[in-house]
Amino acid sequence: MEGLIAYLISFAIFSAIWAIFALGLNVHWGYTGIFNFGVAGFFAVGAYTSAILTTEPAAGGTYQHYIAGYSLPFVVGLAAAALASGALAILIGIPTLRLREDYLAIATIGVAETLRRVAMNEDWLVNGTRGMIGIPAPLFDLVDPKDYNRLYLVIALVVLAIVYVAIERGIRSPWGRVLRAIREDETTAAASGKSVTAFRMQSFVFGAMIMGIGGAMYAHYIRAVSPDTFEPLFGTFIIWAMLIVGGSGNNKGAIVGAFVVWGIWTGTGEMAQRMPGFFEVRVHYFRLLFVGLLIVGALLLRPQGILPEERRVSLFVGRKEKAEAREAKPPGQSTVDPRDEDG
Amino acid sequence: MAELVARAGKARTLLTTLVMLRRERPDLFDAATGIGLWVLFGAFLIFAVITDLQLVVVGIILGSIVALGAIGLTLVYGIMKFANFAHGDMMMCGAYLAFFAFISGGSIGPLSFGYGMILAILVAMISVGVGSVVIDRLVYHPLRQRGSGVVVFAIASLGLAITFRALILLWWGPQPQIYVTGIHPAWDLPFGVKIKPDQIFIIATTLFLIAAVYVLLFRTRIGKAMRAMSDNLELARVSGINPDQVIMWTWLIGGSLAAVAGVLLGIQSQLTPDMGFSLLLPLFAATILGGIGSPHGALTGAMVVSIAQQVSTSWIDPGYKVAVAFILLILMLAVRPRGLFGMKT
Amino acid sequence: MTMLEAREVVSGYGEVEILHGVSIKVEEEQIVTIIGPNGAGKSTLLKTVFGLLPCRRGRVLFGGEDVTGQSPQTMVRKGMCYVPQSENVFPTLTVQENLEMGAFIRRDNYRPKMEEVLALFPDVMERRHTRAGKLSGGQRQMLALARALMLEPRVLLLDEPSASLAPNMVELVFAKISDIRRSGVAIVMVEQNARESLKLSNRGYVLAMGENRLEGTGESLLDSEEVGRLYLGG
């Protein structure tokens, strides 16, 4: 029983952290249509930023080198993680946000991979492939170490709740309405006098900051980070699977998706341990297969996800009509507004 | 110090001039970037040849492999309009399928492998080509019917990429595989260039296949229809061209080229389940550098990116080769998003 | 004999209905021009007839056969060709390849037809190995017409063939359209250039707000006071 509870707490903490990422991605993709394939990059920046600021100075010698090491409080680390991740978004956004949506995806994959290479190769920066250890757990002295995970679950849930409320308020504000208008049709939004690129940039930075917070939450839970954590497969694509399965454009959906996909991911691991050797050795690959098929299957069978977007036609229905109208337009006029029909 | 400040000042004036030019005279800017980039790439190539010919040769070998992948990628991108994130993993599948079909033994002349490799390449080409068509019917066709946006296609391709990788991992596991073990000595050529017979095979195969693709695209009815559809889908439809037929051929060609590229990469180094994904950035960099939809562009882009990646290793850690491709990609997107050969939009 | 007929056609984009029941009729070897203010639904009508947009209500009859809701490819096979207003050539293909694409569905030898079509457009013929993207606006329009003729259509739908052309080019394009009609092809065109197009038309239709407003012979519309006031500039 004890073991089960510990397992469930750990599961809930992880799910809450993934849910923060899924919410950040929902700001990008679900609400603005920004195609970010580099979640792992923001994840890494958030995790490492908080790690170098909150951890003790590096011991040096052969095995430990990293910059900063200021032993700052957890909250400072969290805030700095958000800021650093937001700053990265500005840097990527300037050359790419005004271009075709899929160029951003390629660029963000590139950024994530480049950052991972930097973390691996520059030993002085964040201790290279060995990674960083000894990242402090917030409020560790407050409770008995064996109950600490319960406290961290509370912290994770509080952060998740704050992020959730911030996004909900954001998207229900006039600002959020403009974002959705941009997602549905950039031309019309631009025509109504909104600076599309500026709004996209704001949303890109906002979502990235949330991902930075997620990264910091991860670092302080595991208390160690290394470049392996930010493999594109794990750092980016599982988050996409969570958002698509949960329902993009719906914050509750993003959270549900995180819990469901993580539940299946860890659940299959548990199951495999009770299976014949063939499965046990290959459980990771089966899970990978599962994530891949889940993404494809969800897009084909339930594109709206578990919880469809609220109060409006689903993202995909809207896109479908747009695409149909586009089909019917003379080529080249790819963004379609029925009102500009020239006939 | 003063000199440095003066230089920075000059650089800033140059940058502002360029930004002004882009805003005021986009046509001139376009022409200037077009010529400027060619001059830049030409100068870089001459510089690279002088500094380290061997790295350029390795760049050309890897560039051949990237070119085969990028031509398929650019055709799919031009005709179906979406970024196929599974293209690298299609290459990887080709490499492993050839590994499965490869009967070792014997050797053709100085090569490390015999006719079994030719057969294995054909098996890989056919299975990845036909497999791509089947996957199009199962996944992309329903999405097209539904009128999904290009981004949905890209996400689906990502899901497929993960699926392919998982299947290969389940069968072969993560440890590297190799077609033919043993030491294969390189030939010494003039100017201190070393090249292995297998690497000559890689370049020759690529030249042959690219010639075949050009004949197909510029001499056959279906090839011209592919170019037409890449130019203007809507006009292709109103002309009576059957998009489904063109799409089928595109996957068949793109898939089989990817398979060969994968096998050649396996011959050049070894087979690992992430070999394709790690080539994804160079593939996209080559495609965008050359201009989406343009086979000449993919070829040029592949050579520029691969040679730059190799030559960069004389100054920076080889671990940053991916970053070199990425920086070229970002620079191109910032200066000239349509690429060297791409159409004006 | 009636070549092409649209009966009470209703169509639009997405949730927006643009045509609320429009009817037109085209007899053999006639030129029919459709004019009307922006947003009247002229282009929408052509696209719906050609099957590029779904026909929500009403019928499209082609040579007496009901072809409502058929795909553009079927229309092309049945002998109807369509020339979009802009981007109506394949820019990276040569002139000759553009014509080959026009003949894509022909399995017979289309070479004689290509020479015949090229002979009709001497300007374009001179540049048959040039990429279409390098042609002038007028030449592109000629090539677009030539491409559509490769299948020897019975009806040609033209969406604003004179749009954004220099005045002397407009004249040339209209002259070519008359030539095409004389070779036995019925033509339906949407035009902004009402005066010039009505002059060579057998019939004209005026659309407004997605409905039929006026119709008559080309001359009668040219003489009509309302058309004169609204579309001919006095």
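Order as written gives the chain letters A, B and C; numbering starts at 1 within each chain.
Assume a contact is a pair of C-beta atoms (placed from the backbone, for glycine too) under 8 Å apart; a residue touches a chain by one contact, two chains touch by 3 or more.
The shown structure was predicted, so the numbers you read here are calculated from the model rather than taken from an experiment.
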Of all other chains, the one whose Cα centre sits farthest from chain C: A
Chain occupying the most central position, where position means C-alpha average: B
Chain B and chain C, separation of their C-alpha mean positions in angstrom: 41
Computed distance of Cα centres, chain B from chain A, in Å: 29
Between chain A and chain C, centroid-to-centroid distance (C-alpha), Å: 51
Chain B residues counted as touching two or more neighbouring chains: 232, 234-235
Multi-partner residues of chain C (each touching 2 or more other chains): 52, 84, 87
Where chain A touches two or more other chains, by residue: 321-322, 324, 327, 330-332
Chain B - residues contacting chain C, complex: 221, 224-225, 227-228, 230-232, 234-242, 294, 343
In the complex with chain B, residue positions of chain A that touch it: 33, 35, 37, 95-96, 99-103, 105-107, 109-111, 113-114, 117-118, 120-121, 232-233, 237, 240-241, 244, 282, 284-286, 288-296, 299-300, 303, 316, 319-324, 327, 329-332
Chain C to chain B touching residues, read off their complex: 50, 52, 72-73, 76-77, 81-82, 84, 87-93, 97, 100-102, 104-105, 133, 147, 151
Contact set on chain B toward chain A in their complex: 82-83, 85, 139, 142-143, 146-152, 154-156, 158-167, 169-170, 232-235, 277, 280-281, 284, 288, 317, 319-320, 322-323, 325-326, 329-330, 333-334, 337
